[in-house]
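Going by the order they are written in, the chains are A, B and C; count residues from 1 in each one.
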Amino acid sequence: MFDFFLTFIPRAIIQGTPLLYGSTGETLTEKSGNLNLGIPGIMYVGAISGVIGAFYYESSLPGPEAFNGALAVAITLGANLLGSLLMGLLYCFLTVTLRANQNVTGLAMTTFGVGFGNFFGGSLIKLSGNEMPYLALNRTSLAFRTPMPGASTTGWFGQLFLSYGFLAYLAVILSLVAAFVLKRTRVGLHLRAVGENPATADAAGINVNRYKYAATCIGSVIAGLGGLYYVMDYASGIWSNNAFGDRGWLAIALVIFTIWRPNRGILSAYLFGGLYILHMYIPTGTDLAVKELYKMAPYVVTIVVLIISSIRNNREKQPPASLGLSYFREER
Amino acid sequence: MANKVKEPLIHITRRDAIPWYKSWGYRAGAVLLSMAVCALITVLTTGENPLSVFGTIFDASFSTQRRTWVVFQNLAMLLCVSLAVVPAFRMRFWNLGGEGQILAGALATTACMICLRDALPNGVMIPVSLLCSIAAGALWGFLPAFFKAKWGTNETLFTLMMNYIAIQLVSFFIIVWEMPKGAGQIGIINQSTEIGWLPAVAGQKYLLNIIIVSVLTVLMFIYMNYSKQGYEIAVVGESVRTARYVGIKVERVIIRTMVLSGALCGLAGFLLVSGTDHTLTTSLAGGRGFTAVMVAWLAKFNPIWMILTSFLLVFLDKGASDISTNFGLNRSFSDILTGVILFFIIGSEFFINYRISFRHSAKKEEEKHV
Amino acid sequence: MNTSAAVEMRNISKRFGTKVQANDNVSLDIQRGEILALLGENGSGKTTLMNMLAGIYFPDSGTILVNGEPVVISSPRKAMELGIGMIHQHFKLVDVLSAAENIVLGLEGKLDLKEATRKIREICDAYGFDVDPNQKIYNMSVSQKQTVEIVKVLYRGADILILDEPTAVLTPQETDKLFAVLRNMRDDGKTIVIITHKLNEVEALSDKVAVLRAGRYIGTLITKKTNAAEMTNMMVGRAVSLDIDRPEPEKPELRMEIRDATVRDEEGLLKLDHVSFDIYGGEILGIAGISGAGQKELLESIYGLQRMEEGSILFHDPDTGETAELKGKKPLQIQQMGISLSFVPEDRLGMGLVGSMDIADNIMLRSYRNGSYGFLNRKDPKKMARWIVTELGVSTPGIDTPVRRLSGGNVQKILVGREIVQTPRVLMMAYPVRGLDINASYTIYQLMNLQKEKGVAVVFVGEDLDVLMELCDRILVLCGGKVSGIVDGRKADKQEIGMMMTRVGGEQDGQ
C-alpha cells in the first residue's frame, strides 16, 4: 500500500503541477474581474515559446560539451515569460482598453494560441529533421528536471518531497504568494475590490484598468509557466503537437473547484492530477474504456461544486461579482 | 473662475447607434485589415508573393468541384452550430457548450447506428437516430439551463465543463465499440450496409446536409423574428424586469431556449455522423462549438452576416491548410490566421460602440453624462 | 482659532445640459461645530449643491471657501484632503469585504488590518457607533452599512460630514441612534450637514436649517426659532396656477378597494403598512409623498409584481358587476381574468419598454400573445404604433426606430400611449412627467383627463404638488409606507399636504 502511494503521489503531483500554475494564474486574473478563457491558448503559447528558446539555444551550441544548464533554463524561461506576457497584453488590450466581450476574446485567444503552439511546434519538428512527429530537447529538459539535493539519498522522503524539478516547487510558492497577496496586502485588497465592484473601487481612487492589466498579465505569465512545466518536466522535453490536451480547461475548472482561493489550489491540483491518472491504478485496469470515465471525474466534481455553491448562495464562495463584465465609468 | 480640473486627453463615450452601413463598414474594414495582416504573416513565413498566396487560398476552395462541396459542407456545419447558439445568446445566456452538445448528439446517433443496426431498417433508423441525437443535445442544454433558471448557477462555466464530460463519454464509448478491438477508434460504421447513413441527394453526399442547414437558417430567422417565443427570448435578454412586467415566465423561457439550442447542436452532431463522417471521434465537433460562439456574437445574430462570417472562416481555413501543404507548413497555420481575423473583428466592435473624442470637444460630452 | 465659517459657498451655479438649472446663484455658510439641515423638495438642488462640496461635480461658476481659504475641489480625494466627506444615498461598499477592509480601501501604505481595526474601534467608542470591523458587508443591515460609510469618512480624518438623506433607509429606532451619534460628533467639534426633506428630522436634530427651492437659496433659519409652518412655506412656496383642466367627475363608481395592503422589500423592511383606500372610475386619484414613501410598492403590488404580505385588493367590474380578488395574482393571471390594468412604471426603459426594440415591437409587448399559431401578429401593433405616433405627436423618424434613440418625452408618450390603447379599467402612472418638458407634460395631463372622462380610474403618482392639486380629484398622501391622509384636490392646501407628507396625519400627529 505504502509503495503504491510512493509511486502514485509523485505522479499525481507532476500531473497536477501544470494545472496548479494554470489555476493560480487564472485565479489572479478572475479576481480582477476578467474571465480569461484564453488560458488554454496562453499555456500553449507559453510552452512553445519556451521550446523555441530552448531549441535555438541547443542548436546554436557547437557541441554537447558546451551546454550550460543554467543558461538553458534562463533562455527557456525568458522566452516563455515573454510569450505568455504578450498574450496577456493582447487579452487586456482587447477586453480592458477596447472593452470587447471577454468570452469571445478568450475563445479566439485559445484558437490562436493552440494554433500558434502547434504551428511552431510542427515547424520546429521539421527543422530538427526528426522523422518522428515530436521534438526532443533532452538536455534543457534535464536541467529543468534536476531534483532537489538529497532526493535519492533520503529514501521515501526524498521520493515524495524532493524528487521534482524546481518548477514544481515554484508552482507551490507562487500559489502561496498569490494567496498571501490577495489576503494580506493592500494590493490584494484593491484587486479584490476591482473584481467585485469596480465602480466602488474607482470611487475609492483605485486605478481599475491598471489593476486589471497587471493582474491579467501576471496571471498569464504564471499560467504560461504551467505550459513550460508540462513540456520540460512532465514530458521530459518532448514536444508533440496537441499533447498538452485539455489541461488548460481543467485549470479553469480547478479555479471553480478551489472557489477562487489559490492556496487551496495546491492540494486540489494534485487531487485533479491524481484523478487524471487514477485509472492506471485501478484494479480493473484491463478495461481501457473505464479509464476514460475516470478522466471525467474532475469535470463532474467541478460542476457539482458550481451547483452547490450557487444553491447555498454563500457570498464567500461565489465568483467575483463583476466577472466577465468590462468596466466603463460612465455607464452608470 | 477657471476650471482647473485636469481633463483626460482622450474622452470615450458610448455611441447611441450608428447607421447600419457605417457599422458594416467598420467590420468590413477590420476584415480587410486582418486579411492584410494575414497576408503579411503568410508572406513572411512562406516567402511567396502575396498574389500567389491568395491564389492558393482561392484554389483551395474553388479549384475543383469536390473542394467546393467540402467548403459548403463545412460552412453548413459551422452555420448550423452558430444558428443553434443564437437563441441562447439573444437571451444573454452564454452557451459555450456547443462542443459537448454536438458530441452528445453524435454519440446518440452512433449508439443508434451500432446498437440498432440489426433491429431497424434504414427508413426507421434515420428518424430514430435523428430524434435520439436531438434529445441528447437537448439534455446537454437542459442541465445548465435548469440550474441557471433555478439558482442562477454560472452558465458560462457550467456549459464549458459539460463539453469535457461529453468528450470523455465519447472516449469511453469509442473504446467500447472500437473496431477492431484495440484499434482505439470505431472506424466507418456500417460501411457495407450503410444503415443509418443519410442518403446522397442528386449524387452528392453533402447536398442533403447543406439543404437541411439552409432550411434551418430560414426557420431560425423566422423563429427569432416572427415567433412569439423568439420575441420572448429577445425581451428576456434585454431586460428581465420588463419580461416580468409583461408576464413572461422568465425561468421557463431560459430552459426552453437552451433546450432548443442544445437540440440544434445535437442535430449538427447527427448530420456529422450520419451525413458525412459515418464515424465518431472526440474531435468530431472540431472546435465548431467555440467558433460558432464567436460567429454568432460577432454577427450580432444577423443571419446574412453569420453566413458571411462562417464562409470567411471556412474559406480561410481551407486556404490556410492548402498553403501549409503546398509550402510544407503545418495545418495549424489556419488557426493562427483565424485567430488574427477574429482579433480584428472583436476589436472593431469598440469603434462601433464607442465614440472617441479629444480634449477640446470633451467638455460638452461630459455635461451630457453627469 | 479660525473664526471664519467652516465652509462658505459664494454664488454657486450649476447647470445640467441646457434645460436643468440645478443650482442658481446659491450662497450658503456652514458654521463650524453645528448641524445644518439642508431642506428642500425633491429636485430642489440640495444634493447637487453638496456634491460640489464633495468633489463629485464642479460648479459652473462661484467660489467655495473652506476655513476662510478659497479652494478648488476637483475630486472626491481633494475634498477628503480638505476634510470634507460625504455619505451618499447609494453606498459605495464592496459586499464581500469586511467593514475594516472597506474602510481602508483606496488608502496607501502597508495593509495593517489590526491597526486599522484598533483605530476604527477608537472612532466607534468616541462617538458611540456600533460596528464590528470584522463583519462582512453582505451580513449587515442597511443602517450598519451606513455606519460603515460614516466611519470610513471619519477614518480619513473628515471634520465636515455631509449626509444625503441618511434616514430614508432607516427605521425610527435606527434614526434615533444615528441622531444621537451625530450630536456626539457635533459636540466633538465636527461640522455636519444633513440633506433632508423631513421637517421632524430638521426639528429633532439641527441647529440651523437652510432652505432651497427650485435650485435657489431661500434662507437660513435657527431651528429653535422657527416652526413647521414657516419651514413648509419656504420649502414649497406659494401655489402656482398652472391652468390644467380638471373636469368634474361624472358619476364616479367604486372600481377598487384596497384594504390593509402590507408589503416588505427583500431585506424585510416594511414598505407599505396597512394601506387602505378606494379607487373610483371616472376620477383621478393623486398620490403624493416624498420619494420612497411606498408609491412604487403600492402600484407594483396592485399590478401584481410585488407580493403582498397581508391585505386585499378587490376589483369591481363595471360591466358584469362582479367582484374579484387580485391579491396574490401575477400580472398575466390578472390579464387572463379579463381585467385590464394599465401601469406606466417609473423606470421607463428598464421596465416598461425594451430600449433596443422599435416602437411597434414595444407596443406589441402587451399584446404579442394575440398572434396565431405561435407567430407574432405585427399588423395591429404597427397600426397602433402609427396611431400613437400621430395622436400623441411623437417625434420620431418612423415606427421602426428603436425607442432608446428617442428623447425622454417621446419615450414616455409611447409608453403611456401603449397603456392607454389597452382600454384599461384602471390606469396607474408613476411619475409620468418626470424629465419631460412642459409641452409633453401637458399632453400627458390631457391624456389622463381623457381617460377619466371615459370612466377609467386613473391613479397618478406625482412629485409636483402644484400639478397634483390642479389635476387630481382626490389626493392620497403617503408617509413612510402609511396613509397620512386623503384630501380633496379642489380644496387642498399646499402647506397641509406638505405637512402630511412628512408626518403621518399632518401637524396634529407630529411629535
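Definition applied: a residue touches a chain if its C-beta (ideal position, glycine included) is under 8 Å from a C-beta of that chain, and two chains touch if they have at least 3 such contacts.
All of these numbers come straight from a predicted model, not from anything done at the bench.
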| item | value |
| --- | --- |
| Farthest-lying chain, centroid of Cα atoms versus that of subunit A | C |
| Chain centroid nearest the full-protein CA centroid | B |
| Chains most often in contact, by C-beta pairs | A-B |
| Cα-centroid distance, subunit A relative to subunit C, in whole angstrom | 50 |
| Separation of mean Cα positions, subunit B and subunit A [Å, integer] | 27 |
| Rounded Å distance, subunit B centre to subunit C centre (Cα mean) | 46 |
| Multi-chain contact residues (two or more partners), subunit B | none |
| Complex interface listing, subunit A residues touching subunit C | 184-186, 188-190, 192-193, 196-197, 199-201, 203-206, 315-316, 318, 321 |
| Residues of subunit C that touch subunit A when the two form their complex | 76-77, 92-97, 101, 104-111, 136, 138 |
| List of subunit A residues in touch with subunit B within their complex | 35, 37, 90, 94, 98-101, 103-105, 107-119, 121-123, 126, 241, 246, 249-250, 252-253, 256, 288-290, 292-293, 295-296, 299-300, 302-303, 306-307, 310-311, 313, 319, 324, 328, 330-331 |
| For the subunit C and subunit B complex, residues of the former touching the latter | 16-17, 57-58, 61-63, 72, 74-75, 305, 330-332, 335, 343, 345, 347, 350-357, 361, 364-366, 368-369, 371, 374-376, 378, 402, 404-405 |
| Residue numbers on subunit B that touch subunit C, as the complex places them | 1, 3-6, 16-17, 226-229, 231-232, 234-235, 238-239, 241-242, 244-247, 367-368, 370 |
